[in-house]
Amino acid sequence: MSIHDWFKRKKLQKEAEYTRERLDIPGNLWVKCYKCGQAIFAKDLMANLKVCPKCGYHFKLTAAERIAQLFPKNSFKEINPGLTSTNFLKFSDTKDYGKRIEDSMLKSGLNDAIVTGLGKLDDLDVAMGLMNFSFMGGSMGSVVGEKFARLVEAAVEKKFPVVIFSTSGGARMQESIMSLMQMAKTSAALGRLRENRLPYISVLTDPTTGGVSASFAMLGDVNLAEPNALIGFAGPRVIEQTIRQKLPPGFQRSEFLLEHGMVDRVCERKDLRDTLVKLLRFFKD
Amino acid sequence: MAKPEQKKNTRRLLPFEKPIEELYDKLEKLKAVGSEVKMEMNEEVRLMEKRIEATRRDIFAKLSPSQIVQVARFIQRPTTLEYIDMIFDDFLELHGDRNFSDDPAMIAGVAKLDRRSVVVMGHQKGHSTKEYLARNLGMANPEGYRKALRVMRLAERYNKPIISFIDTPGAYPGLGAEERGQAEAIAKNLREMAELTVPFISIITGEGGSGGALGIAMGNKVMMMEFSIYSVISPEGCASILFRDATRANDAAVAMKITSKDLLELNVIDEIIKEPIGGAHNDPQLTAKNIKAAILRNLGPLLALSHHELIADRYNKYRKMGIYNEGN
Amino acid sequence: MAKPEQKKNTRRLLPFEKPIEELYDKLEKLKAVGSEVKMEMNEEVRLMEKRIEATRRDIFAKLSPSQIVQVARFIQRPTTLEYIDMIFDDFLELHGDRNFSDDPAMIAGVAKLDRRSVVVMGHQKGHSTKEYLARNLGMANPEGYRKALRVMRLAERYNKPIISFIDTPGAYPGLGAEERGQAEAIAKNLREMAELTVPFISIITGEGGSGGALGIAMGNKVMMMEFSIYSVISPEGCASILFRDATRANDAAVAMKITSKDLLELNVIDEIIKEPIGGAHNDPQLTAKNIKAAILRNLGPLLALSHHELIADRYNKYRKMGIYNEGN
Amino acid sequence: MSIHDWFKRKKLQKEAEYTRERLDIPGNLWVKCYKCGQAIFAKDLMANLKVCPKCGYHFKLTAAERIAQLFPKNSFKEINPGLTSTNFLKFSDTKDYGKRIEDSMLKSGLNDAIVTGLGKLDDLDVAMGLMNFSFMGGSMGSVVGEKFARLVEAAVEKKFPVVIFSTSGGARMQESIMSLMQMAKTSAALGRLRENRLPYISVLTDPTTGGVSASFAMLGDVNLAEPNALIGFAGPRVIEQTIRQKLPPGFQRSEFLLEHGMVDRVCERKDLRDTLVKLLRFFKD
């Protein structure tokens, strides 16, 4: 099934509560902006790609929302939707990992923290992966790694470029060492892509840290970032504890990374699709 | 001089080796008496030494994961530079990333393994607070990973095998490290290691801490010292984040499966290198001998592979990692 | 508002264009009168404009080297970003060296030349003190050269031609630049440019200052704008070091042979791109058109070469440079 | 002729006056150390590889002295000794460049600022270039570039590694743009060497700046530096004028470059040959 069908199926039952939770909606109609605190009519927010019309704050998007924004003509076909996580270590912290997976699936309407598929941006073929922060903080375990690797392998086979939208707190600790190995696996897949001279564009969105930033998210031929996204290796709290001082304002934000040479462009959501199309056309022609 | 301090140092005792402490005290008394009465106590000294060894053997036969963590982190544990010195000849350290600085937490260089040229690298800790400070406890900055990559590429250009030694709590989570792209540095290393056209062997000798460990550990063969650990986060970090209780590090150490035995069972590593009774620090020479034998045993078959086969071997190794369900 | 200031700006006069200044004053008076008496002076205005153009043509027909230096450095001279805007479509700037920072003195990105994808880069100066400051007057730090190299490698990986625009007094001689390896950054670029497997065209648009210029200028074809300069050291530097007299910059400019005509004669460049009368700043659009035509004319034959031939072509080009005696 | 013959021939007539000039010898027997100011018996200084036995200060070496230290068995054969500089631009500053060349040749007993040749260090073949600071400040003009390129080409043909001892104030400004082009030429030659996977060891000695540091001197697979050598792109005076402040002590010295990741090892002269042999053996085996 296409991601659109899947999106529609889950939509009705989930979106209301989910959106409320993710966006702090104080009712059904009004959303309060995290940054400027202004109340925004939910419809206006959605029409503005979930960017605050007042202050430009970029709200988090789910994979499905992102897909809907990028592929208005429904041209995105999901691949490997059936992969799900398993508690192979019988890991249990404050909650059993198996239960946590189940709950996350129910709550988010997603199978795991990434959706992968093939699609067209205008006339341009693309293999795309989109992470979901709403599924266990976008953490990367075996499923994210496997779906990523399969996506890249599909791209190699079809000679498609790859675009990844990252958002992740890092490795999924409940899978312990196996989550660390996904960094190796996804990076190796990108090595193969590169060997085949197929382009890779990484889009970093808020937040992208830890094992995901230290593997595929930083490896784009071109790295794009949405404004003000938190991007870094270590989390701000860990750094503050280590250096025993407050972090400067703007630290680890997209604009900071641009200044420090780590991302090519900070790109507002409204310009993102155009920029991707331009870049893909550059690589293609 | 503070004599008890010195005793502890020469004995190199871990916190959980308390039972041996008493035996050592007795042994020393026996020796003292022996030197007075000239040699007469020799047999008893021998017996006491045997008893110490037996007790140590018993203790180490059933170490808990969190005790293994203590061994892996022990300040007396041999460091990368010591292993290099014992295993290789003609080591010449190469410094610098040709970009920003030389990172003392990461060492790299050229050497001979028997008569074969190899490139070696690894995290460097130390045996004292002073050395820990100088080496940042083996927590590398981006420059460390970039130096490692530079030297890996040197190895590749001249077709030399690479041996890496892993011993770090993790990549350094500092201000400058973030500014200079810690994430980028590690990520690039991962991709480039996957594509290396030369044999690559990685050995976790002490702490294999997260991305900072993996950043130089994507060997064709990955081995772990018997009492080393390898994990995505420290037991303490896991306890405080996942268990929401910083005191539960022991439980986290168990749950995370971070010992060499666990990781061999998970097929994440290829081999366990035995340590002497009481751990590597009790007999560094023997430990180094074991490591060298393991390197040589594993290097042989890798040397027979073509550049392409080496890349494919590594790709398949990491491609397979992961456990998941597949529905429709 | 300071009117004379503004006048100067719109007239864009170089110091040696004094004779034209008066003519412009007259022209303006004529125009003022004309607007009073409605159009009657039209013919006289036209004549005055012709006279200005003729005078300018005369002046520019016999510019001295040090006058050419002034044109090349003129604050009104079109910048790399302006040329890119006029010559290419769909330019997307790419930022950063993936190491330390993004250097605003060096720009790089992807674009379309007609419908062909190309990679472009160049030093960026500006048209005001403020822009000079922001862009460090086009004096790049190591990060600038490393960004350029990163984007060159991107071009190579995806088989896109590279066009570079050179306009810099030189690489920045600062404390941080030395710390972070200015010499290394430039040196590596030179070696890597020699080995590029894609067509590479370099255009000196303004100041071609020493290693800082060469650091992105090792094209298969190197062209110079008519009134640009290219030299191993600035005339001022040469005067103070070699002539031991800082006031002798004019003599140095002559002696060093730094004009496009000189360099074509020395076979150091392949072609001179004509500028409009009065220099590029008098008609940026026409200048851009000339540049584009030169790029297209030179790119064609390069596109027919194989990767190997492109490297050989570049090697032979630079291999031949040098004049010496050979005894026994 | 070998460099040794050539050295012997020139030696008698030149060495006395030349050594006096280069070393500030206040008579024939005693040398005053630049750094510690101590008087050293000239013979002791020579026996100690021209390193001050008191403070370790490394005196500058000519190519011939360096060759004598490295090739005790006379195994170095110079190539292309006959190349000489010409004043093709009719350049004249405070002195005509042609005259300057002549004078430098007479004074230094050298043909130009580099000696190139093939030799053996122990059993290890090597193509080596050694610069002379005593010839116009080791400046690189057409002759240095051409001899460098020919040396590298000989190395490629014979499959020899290349070792270069640099010491230079930079490009030879009297050859103007042509001296700049030697940076391109020498770096391109090293590109070809690299393409052929032949190693290159660069030894930076006091001083190495400007166009030489920004081309071949920084491009070693391994960069070695003698202690306390001045190494940099811009000269200290230029930097001071630019930033309008005094430079910190140790700035642009070998140890500073080591710390900043630009050289692999700072190597005392007494260890230099051993280090080279070890490195060459590493590359060979």
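List of remarks:
Labels A, B, C and D are assigned to the chains in the order they are written; within every chain, residues are numbered from 1.
One rule holds in what follows: contacts are C-beta pairs under 8 Å (C-beta built on N, C-alpha and C of every residue); 3 or more make two chains touch, one makes a residue touch a chain.
Just so it is clear, the structure is predicted and the values come from calculations on it, not from any experiment.
Shared contact partners of chain A and chain B are C.
Counted as hops between touching chains, the shortest connection from chain A to chain C is 1.
Most remote from chain C, judged by the distance between CA-atom centroids, is B. Two chain pairs, C-D and B-D, are compared here, and C-D has more C-beta pairs in contact (counted per touch definition above).
Here the spacing of chain C and chain D, counted between their Cα centres, is 34 Å.
Computed from the mean C-alpha positions, the centre of chain A lies at a distance of 54 Å from the centre of chain D.
Between the CA-based centres of chain B and chain D the separation comes to 42 Å, rounded to the whole angstrom. In chain A, 194, 260-262 are the positions where the chain touches two or more neighbouring chains simultaneously. The multi-chain contact residues of chain C, meaning those touching 2 or more other chains, are 98-100, 180-181, 184, 188. Arrangement of the chains shown, judged by which pairs touch: an irregular graph that fits none of the line, ring, star or complete shapes. Across the whole structure, chains are in contact as follows: A-B, A-C, B-C, B-D, C-D. For chain D in complex with chain B, the residues that touch the partner chain are 194, 197, 199, 221-222, 258-265, 275, 278-279, 281-285. Interface residues of chain B facing chain C in the complex, by the touch rule stated above, are 98-100, 146, 180-181, 184, 188.
Interface of chain C with chain D (complex): residues 171-175, 177-184, 186-188, 190-192, 194-195, 210-211, 214-215, 218, 230-233, 238, 241-244, 255-258, 263, 266, 268, 314-315, 318-319, 321-328. Within the complex formed with chain D, the residues of chain B that make contact are 90, 92-102, 110-112, 115-117, 143, 147, 154, 157-160. Within the complex, the chain D residues that touch chain C are 82-86, 88-89, 91-94, 141-143, 145-146, 149, 171, 173-185, 187-192, 194-195, 209-211, 213-219, 231-234, 238-239, 242-243, 247, 251-252, 260-262.
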